[in-house]
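Presented sequentially are two complexes of subunit A, the first with subunit B as partner and the second with subunit C.
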Partner chain A sequence: MTLWQRIIRWLDERIGLTELVDTHLKGYRVPSEAGVFYTLGMVAVVAYAIQAVTGFVLLIYYIPHADYAFHGLQEIMRKAPFGWLFRMMHVVGSNMMVAVLFLHLFSVFFTGSYKKPRELTWLTGGLMLLFALLFCLSGYLLPWSQLSYWATTIVTAMPTAFPYLGEYVTRLLRGTEHVSGVTLNRFFALHVAILPPFLVSLMGLHVFLIRRTGISPSPFRRSEGQAGGYPLYPHFLLKGLFMVMVYLAVMFFIISFMPTLFLPAEANVPADPYKTPAHIKPGWYFLAPYQMLKLIPNKFLGIFIELLLLGVFLLWPFLDTKEERNIMRRPLLLGVFLLTLTLWILLTLWGKYS
Partner chain B sequence: MRYILLLAAIHILSSPALADFREVFEREFLLKPWAGAEVEESVCVECHTSEIMKPEYRHVAEEWKLSWHYQNRVSCHDCHGGDPEDAAMSMSPQRGFLGTPGYTAVPEFCGKCHVGILRNYLESGHGKALKAGKRGPNCVTCHGSHGISKASIEIINDRLCSRCHSYERAKSMKQALFLVEKKIENIEKDLEDLRASGVYTEDERKALFRTHAEFRALFHTIDVSLVKNRTDEFTKKLDVIQERIEETSSELAFRRNFSAFIMLLFAGMAVVVFLLSKTYMD
Partner chain C sequence: MKRRRFLKSMLALLGSTTLLSFLYPLLRFIAPPTGEARVERIVIPKDEVPTGGAKEVVYRETPVIIINRPGKGYIALSRVCTHLGCLVEYDGRKGRLICPCHAGVFSLDGVVLSGPPPKPLPRFSLRIEGENILIG
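After this line comes the complex of A and B, so read on.
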C-alpha cells in the first residue's frame, strides 16, 4: 500500500471521502447537452474567489482614509512588489465578474431554467447579482480618484429621486451631505466586511438549491443523448476548468494590452470635491439605469419604474408560471426578452456617448 | 403576485402628485455640472459679455476664455480686484478694484503672483529701461494680457524683438535657451504618454514644473551669459526627471510582457484542458 493510498484510507475512515467523491463528484450526473453556457455559474464562483484573493492582497497596503487612499494606491501600483498585478486583476476582474453574471443570467433565462421547482435558485441568483453590483459600487470609491469620487456622487444621488426614503438612503450611504471621507469609510466597511458574508451565504444557498434540484436539462435538445447525462467529475468539471482558463486568459489580455480600459485618465487624478470633471460616467453596468433616470422627465416616475423592473426581475419565476420551457415556442416572451436586451444595450451606449 | 403588481402600477401612476420631492434630486443630480452644465461664472464675466458692454471691450472675456489663466482658474478679479459676486459693487475701489494698470504698473500687477519673474525682470535691462522711461517692454508687450497662452521660446521672434533693438540680441538669447527648452518639451511629451497609459505622474510633473518655472524666470533677466552659465545645472536637473520617466517606461514594458506571458500560460492551459476533456468524452 502506497503512502497515498494510506492517506486516502485514513481520510476515508474518518470523513467518508470515497463516498463523498462517488456521490457528489462521480455519481452526480449532469445533462449530457450541458455545454459551456452551463459552466458560467462555476466561472462566476471562481471570479468571485479571484476578487477575494486579490482583494486580500490589496487590503494589506490600502489605507481607508481620504488623505491617504489615493497616494497609498499609487504606492501599491508603483512600489509594492507586484502590487500593480493584483490591483489590475482586481479592477479588471470586477468588471469581468459582472459580465459573467450577466451572461449566466441570460443563459438561465433563455433555457427557462428558473421554472418550477427552481424559483428560489433564481431569486438567490438575482440577489447575488445585486450584491455584486453593491461590491462594484463600494469598490469604485476606494481609490479616491476623481473618477471614483464623481461617479459615486452620481450613483448615490440616484436614490434621491425616491420620495420620503430616497434622501434618507442617500444620506445613509454617504454619511454626510456630499461624498466625503465618511463615505469612504462606510464604503470600505461595506466592501470588505459587510457584503462578503452575505454574498458567500447566498452563494452557499444557491449551490445547495442547485444540488437539490439538479441541473435542469436543456429545453432545446433534439436527441436523447447519453442516457442520464454524464458525471460531474471529470467531464463537466473539465468544461468548467476550460472556461475558467479562458476567463483568466481574457483577463490578462486586458491587463496587458488594454490597461486603461477601466482606468481612464480621471482615475489618475486624486479626488477633488471642488473640481467637477466634464465627462464622468458611472461604471458601464450602471449606465442603463442612470440614462433611463435621466431620460424620464419625472424622476419620481423614473425611480418607481426602475424599482418595479427590479422587482419583476427578482420575482420573475413567480410571475411566469407557464409550463413551457422552450422560449422558441413562446414568441411573445422571446420578443420581450430581446426588446429588453436591446433597450438595455441602447441605453448603455446612449449613456456612454451622451 | 399579480395583485401586488397592480398595486405598484397604481402607485406609479399616482406618484407624480407627490412630485415636489424632485427638488433635491434635481439640485443634486440634474443641475450639477456633471449633468452637462459648466462651472458657475462670476458677475464680471456675465456683465462684460452682455449687450451693455462697449464693443471695444467685448473681446476681452472671449480672449480670456481661451487663455492658460482661464484653465488655471485665474479670473478677472484675481488680476483686477473687485467683487465677483456682487454686480452693483463689483467695480468699486472699496472692494479692492484696481482698474486697468498703466504701462509701467503692469509688472507689479502681474508680479503679485509671478513673484520670481517680477524680481528678475525688474533687475533686467528691460525692467530698468521701463522704469527709467517707458522704453522697455512690460509683461503685456510680450505675453498679451487676456489671451495669455503657455509660454515658449516662440515668443522670441523677429517681429516682436526687433521693435526696439536689433534682433541679434534676441537671437543669441533664443540660442542659449534652445537646448534646455527642447529637453523640457520632450519630457512633457513623455509624461503625457505615461499619463495616457495609466501612470500617475504628478510627482514628475511637479518636479518638471519647478524646474521650468525657475529656468524661464531666468530668461527675464535677459542676461545671455547668465543663461549660458546655468544651462548645465538645469540640464542635470532635467536628466534626473528623464531618468525616472525612463525607469517607469521600462517598468511598464516589463509589466506588459509579464502579464502577456501569463495570458499565454492560461491560453495554453485552456487548450490542454480542452484536449483532455475531448479524450474523456470519447
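After this line comes the complex of A and C, so read on.
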C-alpha cells in the first residue's frame, strides 16, 4: 500500500472520506445540458479567491496612510519582486470578477433559474454582486491617486441627494467633510476586514441553497440527454476548470498586452485634493448608473430611481411568479430583458465617451 | 407554559440589551466627528487678486476661490461643486466657474448657469481692510 493510499485510509477511518466523495462529488448529479454558462458561478468563486490571495500579498507592503499609500504602491510595482504581477492581477482581476458576475447573472436570468424554489439563491447572488461592487468601490480609493480620490469624492457625494439624512451619510462614509486620510482608513478597513466575512458568508449560503435545490435544468433542452445528468466530479468540475483556465488566459492577456486598460493616466498621479482632473470617470461597471444620474436633472429623483431599480433587481423572483421558464415563450419578458441590456450598454458607452 | 414564556421574553430582553449595549458605542465610534468651530482667518494682500483675476485658498478645510469681478468687486466662493463635489475652475476669459466633472457652469456670483448642480456655490463673507482682503 502506497503512502498516499495509507493517508486516504487513515482519513477514511476517521471522517468517512470515501463516502463523502461518493455522495457529494461523484454521486451529485448535474443536468446533462449544463454547459459552460453553468460553470460561471464556479469561475466567480475562483476569481474571488484570486482577489483574496493577491490582496493578502499586497497587504504585506501596502501602507494605508494618505502620505504613503501612493508612493508605497509605486514601490510595490517597481521594487518588490513580482509586486507588479500581484498588483496587476488584483486590478485586472477585480474588473474581470465583476464581468463574470454579470455574465452569471445574465445566464441565470435568461434560463429562468431564479424561479421557485430558487428565489433565495437569486437574492443571495444579487447581494453578492452588490458586495463585489462595494469591494471595487472601497478598493478604488486605496491607491490614493487622482483617479481614486475624485472618483470616490463623486460616489460618496451621491447620498447628498437625499434631504436631511444624505449629508450625514456622506460624512459617515468619509469620516470628514471632504475625502481625506480618514476616508482612506475607513475604506481600507471596509475592504480588508468588514466586507470579506459578509461576502464569504453569502457565498456559503448561496452554495448551500444550490446544493439543497439542485442545479436547475435548462428550459431550452431538446432531448432528455443522459438520464439523471452527469456526476459533478469529474465531468462538471473539469468543465469548470477549463473555464477557469480561459479566465486566467484573458487575465494574463490583459496584463501583458493591455496593462493600462483599467489604469488610465490619472491612476498614476498622486491624489491632489485641490485639483480635480478633467473628465474623471468611475469604473466601467458604475458608468451606466453614473450616466443616468447625469441625465436626470433632479439629483434626488435620479438616485431614487436607481434605488428603486436595485430593489426590483433583487426582488425580481418575487415579482415574476409565472411558472413558464422558457423566456422564448414570453416575448414581453424577452423584450424587457433585451431593452434593459441595450440601455445598460448604451449608457455605459455614453458615460465613457461623453 | 407561563414560566416558559416568561423565560423566553427574559432571554429576548437580555439578548437585545446585550446587542444594543455594544451597538451604541459602535455607532458612536464610527460616526463622523462633529467639526469643532475653529476660529480661522485668512489675510491676502489685495494686489494678489487684480481685477479679473482670482486666487485659490483653503479656508476651514474647504477649497475657496477669491475673485475680483470687474465692476463688482471681490467675492469668496466655495470651489466645491454642489453637484457631486468636484472642484470648479475659474475661467477668466469667459467670466465663469466651470466644473470639470459634469460640465456644471456657474457665474462669478456662484449662481448656476447650466449643468446638473442643484444649488449655487456657497459664499464666504469677506472684508476689505486697508490693503488686505480678510476672510473669517
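By our rule, the second predicted complex is superposed on the first by the 354 of 354 C-alpha atoms of A that agree within 3 Å, B and C clash if a C-alpha of one lies under 4 Å from a C-alpha of the other, contacts with A are read in each partner's own complex, and residues count from 1 in each chain.
Here is the rule we go by: a residue touches a chain if its C-beta (ideal position, glycine included) is under 8 Å from a C-beta of that chain, and two chains touch if they have at least 3 such contacts.
Worth saying up front: this structure is predicted, and the values here are computed from it rather than measured.
Chemist: Putting subunit B and subunit C on the same copy of subunit A, do they fit or clash?
Modeler: clash
Chemist: Could you look at A:257 and tell me whether it touches subunit B, subunit C, both or neither (first, second, both, neither)?
Modeler: Touch status of A:257: first partner only.
Chemist: After lining up the shared chain so the two structures overlap, which partner does A:248 touch, if you call subunit B first and subunit C second: first, second, both or neither?
Modeler: first
Chemist: Is A:301 touching the first partner subunit B, the second partner subunit C, both, or neither of them?
Modeler: It touches subunit B, and subunit C stays clear.
Chemist: Looking at the overlay, what does A:1 touch: subunit B (first), subunit C (second), both, or neither?
Modeler: Neither subunit B nor subunit C is touched by A:1.
Chemist: First (subunit B), second (subunit C), both or neither: which does A:268 touch?
Modeler: First partner only.
Chemist: On the A-aligned overlay, A:171 touches which partner chain: subunit B = first, subunit C = second, or both, or neither?
Modeler: Second partner only.
Chemist: Could you look at A:332 and tell me whether it touches subunit B, subunit C, both or neither (first, second, both, neither)?
Modeler: neither
Chemist: Which chain, subunit B or subunit C, is in touch with more residues of subunit A?
Modeler: Comparing subunit B with subunit C, the partner touching more subunit A residues is B.
Chemist: In the overlay, one of 62-70, 80-88, 152-160 or 188-196 from subunit B clashes with subunit C and the rest don't. Which one?
Modeler: Residues of subunit B that clash with subunit C lie in 80-88.
Chemist: Going by the contact definition given at the top, which residues of subunit A touch subunit B in one complex and subunit C in the other?
Modeler: Common interface on subunit A, subunit B vs subunit C: 150, 153-154, 157-158, 160, 276-278, 280, 294, 298-299.
Chemist: For subunit A, which residues are in contact with subunit C within the complex?
Modeler: 150, 153-154, 156-158, 160, 168, 171-172, 174-178, 186, 273-280, 294, 297-299
Chemist: So in the complex, the part of subunit A that touches subunit B is made up of which residues?
Modeler: Interface residues on subunit A, with respect to subunit B: 74, 77-78, 84-85, 88, 150, 153-154, 157-158, 160-164, 166-167, 170, 234-235, 238-239, 241-242, 245-246, 248-249, 252-253, 255-257, 259-260, 263, 265, 267-268, 270, 276-278, 280, 293-294, 298-301, 304-305, 308, 311-312, 315, 318-319.
Chemist: With touch defined as at the start, can you tell me which subunit B residues reach subunit A in the complex?
Modeler: Counting only subunit B, the residues touching subunit A are 1-2, 5, 8-9, 11-12, 15-16, 18-19, 21-22, 24-26, 28-30, 32-35, 39, 195-202, 248, 255-260, 262-263, 266-267, 269-270, 273-274, 276-277, 280-281.
Chemist: In the complex formed with subunit A, which residues of subunit C make contact?
Modeler: 30-33, 35, 56, 58, 61-63, 80, 83-87, 89, 99-102, 116, 118
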